[in-house]
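Take a look at the structures below.
Next come two complexes built around subunit A: one with subunit B, the other with subunit C.
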Partner chain A sequence: MASVSEMYDVTWEEMRDKLRKWREDNHRNSEQIVDVGEELINEHASKLGDDIWIIYEQVMIAALDCSRDDLAWTCLQELKKQFPGSQRVKRLAGMRLEALEKYEDASKQYDSILQDDPTNTAARKRKISILKAQGKSAEAIRELNEYLEQFVGDQEAWHELSELYINEHDYGKAAFCLEELMMTNPHNHLYCEQYAEVKYTQGGLENLELSRKYFAQALKLNNGNMRALFGLYMSASHIAASPKVNATVKKANVKYAAWATNQINRAYQVSHARYLL
Partner chain B sequence: MRMSVKLTTQAYCKMLLHAAKYPHCAVNGLLVAEKQKEKKKDSHSTPILCVDCIPLFHGTLALAPMLEVALTLIDTWCKENKYVIAGYYQANERTKDFRPNQVAEKVGARIAENFSEAAMIMVDSTRFTMGCYEPILAIYDHHENKWKCRDCNADCFEDWCEAQKITSALLEGRSYESLIDFDNHLDDLRNDWTNPEINKSVLHLC
Partner chain C sequence: MGEVELSCLAYVKMYLHACLFPRCSVNGLLLSSSPAGGAVCVTDCVPLLHTHLPLAPITQLALTQVDVWCAQTQQRIVGYYQANACVSDSSPTPCALKIADKIAEQCNNAVLLMIDGGKMSPDYRVPPIVMYERKDTRWTLKDKHTIMLRQWEETRDIASQLLDSGDHSLLVDFDSHLDDITRDWTNQKLNAKIAELASPANASSIALPPGGGTVSIVTFTWSSSTARGRQQNINSLSINHILLENSPEWRNNG
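Right, the complex of A and B next:
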């Protein structure tokens, strides 16, 4: 099989930079990370300098995703050698146990980290992930709520909790989590848009009107957000069609829906033009 | 006698490619069949042939607005192409969880409103292999407001050998990397959820 560098005609520096970009964007393209990372480690380890440790970590996690325990084990050993007694490496060892579905052993691993360092958020979150993997949603939700009482600024945790609630169809509580995220990230169009989707799903006239407002807000923050544009159209249309609204509200929403339709059509025209270029 | 549902290679292929592209997420999508012109007298014995599959979402499946958008747009596309939405598929986030949940039942029921013989299909990821040696679907029929599971074997395919061979080949070739679902389309409108390139690959391998 041809190497990555041969197939894509890239240098080792470009491969290293790609890995960094994927790290920064938190991409879960594990197969690609394994392909690029494995080659980098095998062929160019000496050139990577101190970057190699974070690359070992990144590749190890990707390897777990791809059931490449051989590669994961190699990376783990290198990290253990370099950072003996490190909590961060211990957590990676725990993740490997999770990947092997040895949940009790993994849990013990995280408990030992927490014994030494009760504030270790990573270990606590891994324990919650185990509950999720085992399908124990109610417990995961409970633990995550407890965690957030202590670590109220952990956005990743708030977002995870909102998703857990959505999967349980508890849209009210999901909305609450997204409200927290919107408060601390008022310029994030994605949170706005997701909040609008949750409100829409909850249903009822009041929630529909709220959803329309937040779709509009998301659009204001990012006029390229197609979900927000479609959402604006859908919510305005439903409000306009509702027998409970008066003529003024109906007229306004018909206008919003028409505007959205226009924008949607324009967006498709532009995309087709770009496609043909 | 219930009409049985059969899948073409293209439909089966794209379903599995969708699940393979997002192994850590739940995925769902629609199945379409050609619109029948008239009801033949012996229509009870003619199976519904699902000729294509439209991958919809990955990740959070339980939100309404984008699903409604997708159903509306795809319905329009169906009318233009003389198709009808005939089924729904879903693969759950957790591998070991292959029972239909509330989302599957709701969407399935909605499709059944417009197409009484609608099928709901759950993908069993525990048996998902690159070799595709056996069909990994559980097919559910809507009967008196309940979903009943039917056995899925080679008979549920227009040509199981072809489906097995081609799906396996496309998985090996990592075609799933270029599979487009409706979520991808919403991220960038140029992304085509009809997946013409993959359709070509399937035809090519036939």
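Right, the complex of A and C next:
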């Protein structure tokens, strides 16, 4: 079986840098991380210096994601040897227990971390993940809300909460979470677009108008966002078709919808041209 | 009620869709190119979403676009499939029921298909699917004996082969299309690959056995050691990792 370096003609330094990039961007491309990381660890461990520990951590998490228990165990052992008694390694051990669906044991592991350090956010979040994995959405939502009362600035937690609410069809609360995110990240077009989608789903004239405004805002921030463009078209069309609007509003929305249609057609024309090239 | 036949093409694409996004709930539409009346023949499927299944705008958009495409290609939407992210529960979610209801308005033999992630292990013997049909206003489990999958072993083999060769990444769902509109959600390229691998249709059809039954077991020899590794990845469906600290993968429009 060809190695990664052979298949892609890359040096070990390039592989190490790629792993770093994936780490920094928080990509969940676990299969790739396992392929690249495993080879680095097996063939080039001595050259990696102190980087190797963080690579062990990254590869271990990816290995758990791909059911590679053997690799995860190896990484964990190396980390345990190097950092005995570390909370960070304890959390990794907990994640391995989660992967094996030993949720009780994993929970105990995280509880012991929290006993020593009640502010350890990672352990708290893992406990919430366990609830989610067990399908206990209501509890997960409750715990996450409590967590956010203490750690109000945790963006990922707000986003996770919005996802949980969406899955429970609690669109009002999902919208609230997204509003928090939009406040702290006013330039993020994806939050605007998601907020608009939630408002659209809630339905009703007022929500449709809000959704149109936020689709437009998302487009302003990134005019390549196709979801926002389609969303603008659909919300404007629905408003124009509603019997409750007056003639001026109707006319305006027909114009918005027409503009959106134009932009959509142009985008597809350009894409077809590119596709054929 | 009536019989339902699931084609190799439809099954393989659904399966690959679930494999391509093992950590997400995925859904899609089931299509038929046969005329209405009699048995429902699912001849193709369109993978739709892997994010925010319950949200309305993109679902509505996709339904409209697929409708238009079906009219142009003499196909009809006859059903809906979904695979839940949480493999311990493969029952239809409220959004699955809603969409299936909508489809049933236009097609009275519509089927609702749930992919059972827990049964997608490397050596699964029966298709990991559960089908529902509409009786009065409720979706009830369909009698397994009315579900047909011709050439089941060949179909399963084709799905595995495409997974091993990495060709499952050729699959484009509607979500991926919106991220990059040059990508084709009708999956013509993948369809061609599947057609290439499919053996000529043969007269006997294989009914789904209730549990083990009469289907002959064919042992596969994996083509390379990576094959087993890849199949084990499918097992990640049974281990629900929600890496809470990792920010969600933002699409490349970010």
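FYI, the second predicted complex is superposed on the first by the 277 of 277 C-alpha atoms of A that agree within 3 Å, B and C clash if a C-alpha of one lies under 4 Å from a C-alpha of the other, contacts with A are read in each partner's own complex, and residues count from 1 in each chain.
Rule of thumb we're sticking to: a contact is a pair of C-beta atoms (placed from the backbone, for glycine too) under 8 Å apart; a residue touches a chain by one contact, two chains touch by 3 or more.
Note that the coordinates shown come from a computational prediction; the quantities given were computed from them, not determined experimentally.
Asks: Putting subunit B and subunit C on the same copy of subunit A, do they fit or clash?
Replies: clash
Asks: Output check: A:61 vs subunit B and subunit C. Expected answer is one of first, second, both, neither. What do you get?
Replies: Touch status of A:61: second partner only.
Asks: Just to be sure I read the superposition right, which of the two partners does A:135 touch: subunit B = first, subunit C = second, or both, or neither?
Replies: In the superposition, A:135 touches subunit B and subunit C alike.
Asks: Look at A:112 in the shared chain and tell me whether it touches subunit B only, subunit C only, both, or neither; answer first, second, both or neither.
Replies: Touch partners of A:112: none, neither subunit B nor subunit C.
Asks: Counting only touches as set out at the top, which of subunit B and subunit C does A:11 meet: first, second, both, neither?
Replies: neither
Asks: What is the shared patch of subunit A, the residues that subunit B and subunit C both contact?
Replies: In subunit A, residues 28, 31, 65, 133, 135, 163, 166-167, 169, 196-198, 200-201, 203, 211, 226-227, 230-231, 234-235, 267-268, 271-272, 274-275 are touched by subunit B and also by subunit C.
Asks: Taking the complex as given, what residues does subunit B use to touch subunit A?
Replies: Per the stated touch rule, the residues are 23-24, 60, 62-66, 68-69, 94, 96-97, 102, 174, 186-190.
Asks: Considering the complex alone, what residue numbers of subunit A touch subunit B?
Replies: 28, 31, 65, 133, 135, 163, 166-167, 169, 196-198, 200-201, 203, 211, 226-227, 230-231, 234-235, 267-268, 271-272, 274-275
Asks: Taking the touch rule as given, give the residues of subunit A at its contact with subunit C in the complex, in rising order.
Replies: Residues of subunit A touching subunit C: 1, 26-28, 31, 61, 64-68, 98-101, 122, 125-126, 128-129, 132-135, 155-157, 159-160, 163, 166-167, 169, 189-190, 194, 196-198, 200-201, 203, 211, 222, 224-227, 230-231, 234-235, 267-268, 271-272, 274-275.
Asks: Which residues of subunit C touch subunit A in their complex?
Replies: Touching subunit A: residues 23, 52, 54-58, 60-61, 86, 88-89, 94-95, 178-179, 181-182, 224-226, 229, 232-233, 235-236, 239-251, 253-254 of subunit C.
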